[in-house]
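Chain nomenclature is as follows: A, B and C, assigned in order of appearance, with residue numbering initiated at 1 for each chain independently.
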Amino acid sequence: MTIDLKTVKHISKLSRISIDDEKAKKLSKDLNSIFKFIEKLNELDTKNVEPLSSIVQKNLKLRKDQIKSKNIREDILKNSPENNEDFFVVPKVVE
Amino acid sequence: MDKLSKENKEYLIKRNTNEYEVVIGLEVHAQVLSESKLFSTSPTKFGSEPNTQVSLVDAAFPGMLPVINEFCIKQAIKTGIGLNAKINKKSIFDRKNYFYADLPQGYQISQYKNPIVGEGTVTLDLPNGEKKIGIERLHLEQDAGKSIHDIDPNNTLVDLNRSGVALMEIVSKPDLRSLDEVNSYIKKLRSIMRYLGTCDGNMQEGSLRADVNVSVRKKGSKELGTRCEIKNVNSIKFMQMAIDYEANRQVDVIEEGGSIDQETRLFDTKKNETRSMRSKEDAHDYRYFPDPDLLPLELDENFINDIKKNIPELPDEKKKRFIEKFKLSPYEANILVSDIDTSKYFEEVSKNSDVKLATNWITGELFALLNEKNLEITESPISTKNLAKLINLIKKGTISGKIAKTIFEIMSDGDKDPEKIVEEKGLKQQSDPKELEKIIDKIISENPKNVELYKSGKDKLFGFFVGQVMKSSGGKANPQLVNEILKKKLN
Amino acid sequence: MSNISDFKLFELVEKIKKKDLSSKEVTNAFIERSKKSKKLNSYITENFEDALIKAKQFDEKPDFNKKLPGIPLAVKDLFCTKNIRTTAGSKILENFIPTYESTVTENILNEGGIIIGKLNCDEFAMGSSNETSFFGNVQNPISENLVPGGSSGGSSSALAAKLTPATIGTDTGGSIRQPASFTGTVGLKPTYGSCSRYGIVAFASSLDQAGPMTQNVKDCALMLEVMSSYDDKDSTSVDFKRGPYLKDLNENIKGKKIGIPKQYRVDGMPKEIDELWTKGMKIIEDNGGEIVEINLPNTNYALPTYYIVAPAEASSNLARYDGVKYGFRSKGENLIDMYEKTRSEGFGDEVKRRIMIGTYVLSSGYYDAYYLKAQKVRRLIKNDFDEAYKKVDAILTPSTPSSAFKIGEKTNDPVSMYLNDIFTVPINLAGLPAISIPAGHDKAGYPLGLQVIGKAFDEQNILNIAYSIEKNINFKNNINDWWIN
């Protein structure tokens, strides 16, 4: 299979990373060589294999329903690129 | 808007000679009642100052990790049990990936292929009987924050207080067929969750919102039409308006020979129309995958059984009990059980007084009063204790029904004790036969002409005598006794 | 008398406890040497002034019961450190100053450690040569223009150059063991679940593990003891009995069965590595261990599996870098425009490439063919190890298929770069502990490492085996301070 320019553009849109045509071409080449290498997996028959999503073989840890965090608004907003004492600020959202 | 009427008539859309049936499914997002958020220890309280209930986890700072709230899991299971649904012993939390200003992680932790609750049913009480609506699933997920577009003209502001609050998404099967059924379904869900204490059902505060799936098909057709999803509608009225608009739109498209595109639409409450959200279509590949920061949730039998043991009586059972034990009609029982607070109020009152009278007074006078004052039953100006006292006064014959209404009005101003009102205002019913005889004798002696006429066969004049007696007793005479004595004296 | 910076970590601990040295003297020595070593570009952020104040404070009120009493340490810049800039080697976090501390660095601070700086690394730990860092290449102190390995390249460089007595890294596919191998140092990746991931900038959550990088095995045992803890802020942290690794360290490997997987004998592997491996086997046998041939049939599929799983998780983990809450933001006409520009300008090429791979393998229509397939193969790889461990106590392999390469040598060929992790990646997929120790040199005099892989939570065992090999090999790094004028 090949990852063409159109696919690269689509993925870049999904990833919210803008990309110019030249970079897209280079990326398409890189991705193709990487996927050629990845497709080695098709040699394996995995029909009856249970997928492994977590290596830790135990139950999910459950937390008690207790409020522990305080109001840290200042800390939360301190690193934000466009500061405002109350909110995060982003450019207007267009529908 | 006759389509929104309370009758459960068939909801069909007619064009020329064609009749279309509307098929509706709901994805209800119910905020879980809990102290802290689903994956962080920040509070969930509504209406706080912006960004004051946000932890490093909620704002997705680098290296922050989710740890799940046990109580939210229990709440979901409880709700599942209330929906007569299968509780899945193994469920998985997935990431739903998309970018939005109020989604700090760039993904929402949700459950995709393996939800915590599977199929169930909800029973609707409709005017012409019961109808069962299938539940497809219930899963847990995080709420997003809030984007505010109308404070700053150039920017969008983001408040993350709600970010990470636990939601239950309850997905129905496409079993709903009318606006009344939608109304009844939402109310029933809300009622069940309020009984269970798993969601406060407060639609104004956004604790209950829904995505609505609508499709249409020619009446009699068995196949489902292509559906459209209307996102994030936050009141029953808007849901009904959106469905009505959308169903009519779809019928028009089909009637003109077109076909429906499966898409997400938005309901514009100002214009009362739905419109396509095509701009979001390209970002619609959510790339779900199991969240590697969490492990599969595996529940053992005991954990589930402990919850089952503590499930309170739910509306359906309560209704059954009210009908059997109190001999209420299904209609009365429905009214009294549909809201948990009403049912509690009723049970308090009826515990200490006559059930039939309690039913009538609550569904009659009290509801009218609450309605007029725009109050919830929990804010009732008349306490259960005092209403029970009032009912007992009637039952014992201390006061007449008519006087009771007067007393009720006085009570509504500051929850006054009816017994004291009776005493203070001297409203006690006159039931002493000797006293009544005195009055009656006086009336008879003052109206010899009428007495003569009555005796000569004008039976209707009996009413005149009763009226005179009541008038002269200031309305307090026991009407039954008055009748008896009058009859004796006049015959 | 030798320089303070020549002492091993455990020696410094002893000297401070015996009051032969003060924390200030030790801290100052490493800071002074770091200042003379800017050419290596090991540091991203220096914390020298603050560290000296802390050292003074320690000396005024010393607590010698601590495991790292007043010991200065520079750490990989992937650990969030309170009030010290944390960049993950990326422009997108160039000015990010955390208000919180990672659990691992917190453990270090609690044991008396002092942070003297944040060390360079590949951007978001994605790389094997430290060449993807926004803050530039790092020099391997072994030789000029040689890569220090990656992604913990700043850590391995600073450690080998003695700018820090020990350090910590993170390892997602080999990022501790490969740079350790390239610089003649010791690096250990613990069992997944041993060190908390709380406060570590995430790359691939199901694979990331923090671990120690040290001059020798003894220091490694000490550091692991400090770093590893059960943490209820990390749902994947495991509550198992953590040993007193240093106290229980011994070189007795009598009766231990050590597996040799034939699949690790790859084509084109330099003769020296093969010889080194054989040498390792001989040491084990000489010390009473038993060599057992084992089979890890799916080894060849580990790297392709890794290059699906890791980018998939990364594509999602890095979605939070969107210019909204912290970090770099590029001006945009609207929200989406801002996102696209911020992420395009804020991330480097390798990171973008991996985000794209990850996005693709998770996207609709490809999930089953790639991501699900990879998760299934991951199960097979784990099963291979489970089978092998029915027969052996640990496994011995080379750490890398080659020694360190030149800066720029592999930057244009991502696949050849990825192949560098061929011996380390399977261990991350299976969540096992593994240690790389220096064991010899190639023709050019560059160090080569051997890797000892253990059963889950059996860190003590691989430390002991490594300790035994270390004693017998007597490795010496040839570093001539070429970068200091």
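Please note the rule applied: contacts are C-beta pairs under 8 Å (C-beta built on N, C-alpha and C of every residue); 3 or more make two chains touch, one makes a residue touch a chain.
Since this is a predicted model, take the numbers as computed values, not measurements.
**Q** Which pair wins on C-beta contacts, B-C or A-C?
**A** Answer to which pair has more contacts is A-C.
**Q** Select the chain whose centre, defined as the mean of its C-alpha atoms, is least distant from the mean of all protein C-alpha atoms.
**A** If one averages C-alpha positions chain by chain, the most central is A.
**Q** Hey, which chain ends up farthest from subunit A, C-alpha centres compared?
**A** Comparing chain centres, B lies farthest from subunit A.
**Q** Just how far, in Å, is the C-alpha centre of subunit B from the one of subunit A?
**A** Chain centres of subunit A and subunit B, defined by C-alpha means, are spaced 41 Å apart.
**Q** Roughly how many whole angstrom separate the Cα centroids of subunit B and subunit C?
**A** Each chain reduced to its C-alpha mean, subunit B and subunit C end up 58 Å apart.
**Q** Centroid of subunit A to centroid of subunit C, CA atoms only: how many Å?
**A** 23
**Q** What residues in subunit C touch two or more of the other chains?
**A** 96, 99, 206, 232, 235-236, 315, 319, 322, 324-326, 335-336, 339, 359, 363, in rising order.
**Q** So which stretches of subunit A touch two or more other chains?
**A** 14, 16, 53-54, 56, 58, 60-61, 63, 72, 75-76, 82, 88, 90-94
**Q** Residues touching two or more other chains, restricted to subunit B: which are they?
**A** 56, 59, 67-68, 99, 101, 156, 158, 285, 287, 289, 292, 294-295
**Q** In the complex formed with subunit A, which residues of subunit C make contact?
**A** Its residues touching subunit A are 95-97, 99, 192-193, 206, 232, 235-236, 238, 298, 300-301, 303-305, 307-308, 315, 319, 322-329, 332-341, 343-344, 347, 352-353, 355-357, 359-360, 363, 370, 372-380, 382, 414-415, 418, 430-431.
**Q** Going by the contact rule set out above, which residues of subunit C touch subunit B in the complex?
**A** Going through subunit C, the ones touching subunit B are 80, 86, 88, 93, 96, 98-100, 102, 197-202, 204-206, 232-236, 312-313, 315-316, 318-320, 322, 324-326, 335-336, 339, 359, 362-364, 367, 371.
**Q** Please name which positions on subunit A make contact with subunit C in the complex.
**A** Per the stated touch rule, the residues are 3, 7-8, 11-12, 14-19, 27, 30-31, 33-34, 37-44, 46, 49-56, 58, 60-61, 63, 72, 75-76, 78-82, 88, 90-94.
**Q** For subunit B, which residues are in contact with subunit C within the complex?
**A** Per the stated touch rule, the residues are 56, 59-68, 95, 97, 99, 101, 104-107, 156, 158, 285, 287-289, 292-295.
**Q** Applying the document's contact rule, which stretches of subunit B touch subunit A when the two form their complex?
**A** By the definition above, subunit B touches subunit A via 34-36, 40-43, 49-56, 59, 67-73, 92, 99, 101, 147-149, 152, 154-160, 266, 277, 279, 282-283, 285, 287, 289-290, 292, 294-298.
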